[in-house]
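Next up: the structures, one after another.
First chain A sits with chain B, and in the next complex the same chain sits with chain C.
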Partner chain A sequence: MRLERLLIGLGKMVAVILIVLWSVFPIAFVVLSSFKPGRDIFAVPPKFVFTPTFAHYLNLWERWGGFFDGLRNSLIVTVGAALLAVTASSLAGFIYSRHQSRFPAGSIFFLICIRLIPPIVVTLPLFPMVNWLGLNDTHLVLIVLYATFFVSLGTVLMRTFIDQIPRELDEAATIDGASQLTLLVRVILPLAAPGMIAVAVFVVVYAWNEFLFAFIFTATKAKTAPFVLSEMISSVDGVDWGVLFAAATVQLIPVLLFVIVMNRFLVAGLTAGATKG
Partner chain B sequence: MERQPRGLAGVTLPFIAPVHVMVLGVIVIPSLFVIWLSFQSSTFGQSARFVGWDNYVRVLSDPYFWRALLNTVLVIAAAVHIEMLIGLGMALLFSAGLPMRRLLLVVVLAPYAISEVTAVAMWRFLFDPDVGPVTAAIAWLGLPALDWTFVPAHGLILVGLLTIWLHLPFTFIILYAARLAVPKELYEAGRTDGASLWQLFRHVTLPMLAPAILIAMLFRYIFAFRLFSEVWLMTQGGPARTTEVVAVYLYLEAFRYNSFGSAAATAWIMVAISLLLATGYIWRLKKETSHAA
Partner chain C sequence: MTSTLNRRRFLAAASAGASALAFGGRALAQEKTINALSHLVHQNVLTKGAAGDVIAPWREAQKAKISWTTLDSNPLQDRLFREASLNATEFNVGYVIDNRMTADVAKLFEPLDAMQKADPIEAFDDLAPGLVKAMTVKDKLVGIPVRHATQALFYNEALLKEAGIAAPPKTLEELVEQAKKLTFTSAAGTPVTGMVLASDLAVFPVMFARAFGGDFITLDFKLMPDREAMQKGLAVLADLLASKALPRSYATTRNDDMVTWMQQGRAAFCVLPFARYAQLNNADQSQFAGKIKAVAFPGSATVSGGAGMSAVVESWAMAIPANAKDKELAWSFIKAVSSKAVTLGMARNGNGPVRISTYADAGFAASQPLAAIESEVLAKARPAFPAFPEAVRAQSVFLEEVQLAVLGRKTPAEAVKAIAERVQPLLPA
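So, the complex of A and B:
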């Protein structure tokens, strides 16, 4: 019995070590390597003790200035998409929660089905259309695309969160003569803040990291950081791994910290999103 | 609800309009337009001409399409099911009680934050045939090398591993949340009846988790079917178009070979397969939503 418990404990420990290695090793490796002097990057077995250097970051600054423009574009697009998606989802989620009986079940069902359409499908007609409107290579295209691909999930999430707010509050506010918009902004949204944050977390992670749309709809002016990274990966004159690792580190650290800080909202959103639609 | 003022439809419409305008304008109408496009012979900048089912015939008789479809199905079948098994194992491990569980949960979530592009950069180096540390570790263990730059199957294995790495957090969270929702009393009752650990798993855990496993699996099938960036950035579909997946095939048809008609046909084949994969899920949802309303 005691041996069995010992073995179970040992097994658990091995499993935990494997899980941590699997999840963190690739990330830690890139971040550490970005501070390694050139030759140490290629040392086998990997070196974990080395004299840290900022040489790759300096190189990145000097040779890939476009990467920092990409970061700025990513930031603009991410903030824009998050604001748009959270606003639109909150408005619709509120109505679907409070006036459900007025809408055929099909309406929200339709929103859920939309999630099944692969994003690459819409690039075919949108590509010529965006060109025709002169909107290619702008932040606006990406903001609208990123927000749209998350408003269906966002609406369902907001409805789920608003459903949990007691309706007595609505009634009290309506008797006091508040309009629907006042009710939403003053009463409901402050209480539904966790839902709004959950929606924002999804959109932020998606918009900051997205590749396909950025690759198709931007070229120079609105190019996002992942797009620039992809160019560094397939650089014709060979990959400069040190510089690539520095860029990857700069790209991943903000969103990684964001996910760590927001992990509760992310988990809540993922579970609500998967079970409710 | 009865106390609400009249003319509410006029009040509520502006609230739901933004979402619907966005979804209709960006997703629904363009998707329908793709149907029209799939029956036209059209390249960028040229006027369209109706060609009936020609595009579908062309795509379905293109060996590269079938290769891409086969690759996609193989990667999904392997990656999603392995993901489910690992995710389930981890969910059970976490629920069995671990020290520093909250911290470990955050650690497991970490890959969720990583862009496909950044992940490809990491994995390309780790598995680099000449300098990659994982390649070196594999050689040191005496295992066969992963020649992913030359051998198509190895390229797909690497893409599959990367897919698992990126999406395991999602699968794990869904299964773990479902496991936490199983009432403790069920296990207590089982234990007083003298059930073994295996019996508890087989007759309590598995049936209780079945709906969550099904949902997570369907989601992953549907999303894995869109697989693009990982393949595009890892192998570009090469060598010699052997590691293409359906989304890469579509992209090349449209944006490299300027054949929007056959790309549109491919797109609708993709949508049809996605819908087919999702029928179980949709059916379940429909029951729920009509029940709720």
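So, the complex of A and C:
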């Protein structure tokens, strides 16, 4: 019996270690390679012991100034998309939660349907339209697109979260003379903050890393960091892997910090409604 | 006094930072800017290398800034054509590959004849006529050639020596024999594969077919004029894979893998443009800096004793989208890039020069160990296939069948038959 428990425990530990290795290895490889001399990055047999170098980061700074402009653009677009998506999702979530009728109940199905459409399907038809509106190569077009693709999921998430807030609070506020807007701003949203943060985390991670829309809709002024990263991958005169890995590491840091800071809210937000009877 | 990070402060700081950056950037804008849509290599050869920033004098004279947007070859072409099809584009200049300049695509670009007549490019006749011809569509000049990439056979001299091979191959048969011999574990403990080839470009199977006197699509649109030669080429590739002289990962091998494998001593031979010489021997990236050499890709001994092989050449040209702004500045930029001095400078920075006079320059020939061989190979080289509307699909079909043959899923004869059946309908009538 004891041996059986020991074996099960050991098996679980091995499984966890394998999963962690599987998940961490690609990231660790990229980060460590950014500090390796270029000639050792893909050496066979691999070189695990090496003298760290910052040469790739220096090269990134000197030769790829556009990458840092790209990071700035990514930041603008990400913050804009997160604010827009969270605002729209919160308002829609409130309506779906508190004003139930046949129309909202039916329309939620269409919201979910939007998530089923592959972005590439709408991308190319949108290109001439965006151009006609004069929005090509602007931050605004990416902000709107990124937010649009997350409003559906965000709305469902926010509705679930707001559903958990006791309606007695609404009634008490209404009796005290609160309008719908006051009720939303003063009562519902503060209590739904973890849900809003969960939505924000989804949008931030997506917008920070998104490539397809940035590639199609931006050119010079609004191109984001993933777009610049793609420029570093060159099939004609080769890839400077060290610089590429340095850039990937720099790009990883802000979103990683954001997710770590918001982690506890994310867990609370995602488990909202899990025990709802 | 202590300060703690809470979500309000975090969001406020992020919003404020983003706003400051958004508005702060506007002050940096310059008045005159050339927006160039190119491959990274085009930017690099103009701005860095042994000859340095060779376009700096033009920038200073024009008080202009060059804003580069660089993409890999296929995404670059797609993006350029899409931009050129809009009402207006921010891009003043775009780089086009020779086999993409079809009649329909040419309509998207400004005819350059009038500009050339009014404000001519220096010594225009010095530009390789074949490359100029590829950019002349329906008697209209729509692009100015700036770069060619002619394929060579690269080999790792140190590995050849270790395997007791005195000289690189002179015939395709010798190449196969040496590649098999060089499939071994080196003294450094590195498992070496005789040859590494990317599977996603038509260049490589076409080179093997040409080694036997065959071709894929000729410039006058004949599909595989010598089918037996194509079969022999595919049979050689299949044999190399079966004997492990091509990596097992052949089907997923890309151009960049070829470079990395050569730099790390994981492969002894590969086929790449001459211009890759500097990168393959870059001491910062390569374990075999100075040891990777190149020769002309050898033909089969069964065809003119291995001589007369026609390598694949690909060229790039600069074009002005018809919907671009400030075409005058764009032409001025193209003129500067095409000048003798800048062409020479770009060649010293690793570009395949499009001017005949560049190869005649004594200084260039002395500084570039491959200049003489490249010049010889270029004289006989021709594109893998000509430009036509369905060229991309034709290449995809061709590569699909080639892979099936190389991986042993089809015989070379079956693959060649399928190529003929599937590609023929895609050719212009």
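Miscellaneous remarks
In this text, the second predicted complex is superposed on the first by the 235 of 277 C-alpha atoms of A that agree within 3 Å, B and C clash if a C-alpha of one lies under 4 Å from a C-alpha of the other, contacts with A are read in each partner's own complex, and residues count from 1 in each chain.
We take it that a contact is a pair of C-beta atoms (placed from the backbone, for glycine too) under 8 Å apart; a residue touches a chain by one contact, two chains touch by 3 or more.
Being a predicted model, the structure only gives us computed values, none of them experimental.
Once the complexes are laid over each other on chain A, chain B and chain C cannot both fit and instead clash. Of the two partner chains placed by the overlay, only chain B lies in contact with A:V151; chain C stays clear of it. When the shared chain is aligned, chain B comes close enough to touch A:Q251, but chain C does not. When the two complexes are overlaid on their common chain A, residue A:I260 makes contact with chain B while staying clear of chain C.
In the superposition on chain A, A:P118 contacts chain B only, with no contact to chain C.
In the superposition on chain A, A:F109 makes contact with chain B only, not with chain C.
Of the two partner chains placed around the shared chain by superposition, neither chain B nor chain C is touched by A:L3. Looking at the shared chain after the overlay, A:V49 reaches neither chain B nor chain C. When chain A is checked against chain B and against chain C, the one touching more of its residues turns out to be B. Across the two superposed structures, the residue set of chain A contacted by chain B and also by chain C is 42, 44-45, 127-128, 230, 232-234, 239, 241. Across the complex, chain A meets chain B through its residues 12, 15-16, 19-20, 22-24, 26-27, 29-30, 33, 42, 44-46, 87-89, 91-92, 94-96, 99-105, 107-109, 111-114, 116-129, 144-145, 147-149, 151-152, 155, 171, 174-175, 179-180, 184, 205, 208-212, 216, 226-227, 229-230, 232-234, 239, 241, 244-245, 248, 251-252, 255-256, 258-260, 263, 266-267, 270-271, 274-275, 277. Chain A makes touch with chain C in their complex at residues 37-39, 42-45, 55, 63, 66, 69, 72, 75-76, 78-80, 83, 127-128, 131-132, 136-137, 139, 193, 197, 215, 219-221, 223, 230-242, 261-262, 265.
Per the touch definition, chain C reaches chain A in the complex via residues 5, 7, 10, 14-15, 17-18, 21-22, 25, 35, 37, 39-41, 44, 48, 67-73, 75, 79, 82-83, 86-87, 89-91, 149, 189-191, 254-256, 259-260, 263-266, 275-276, 279, 283-287, 350.
Across the interface of their complex, chain A is touched by residues 1, 3-4, 8-9, 11-12, 14-16, 18-20, 22-23, 25-28, 30-31, 33-34, 37, 44, 89-90, 93, 96, 98, 104-126, 131, 133, 136-137, 165, 168, 170, 173-174, 177, 212, 215-216, 219, 222, 225-226, 228-229, 233, 236, 247, 250-251, 254-255, 260, 263-264, 267-268, 270-271, 274-275, 278, 282, 285-286, 289-290, 292-293 of chain B.
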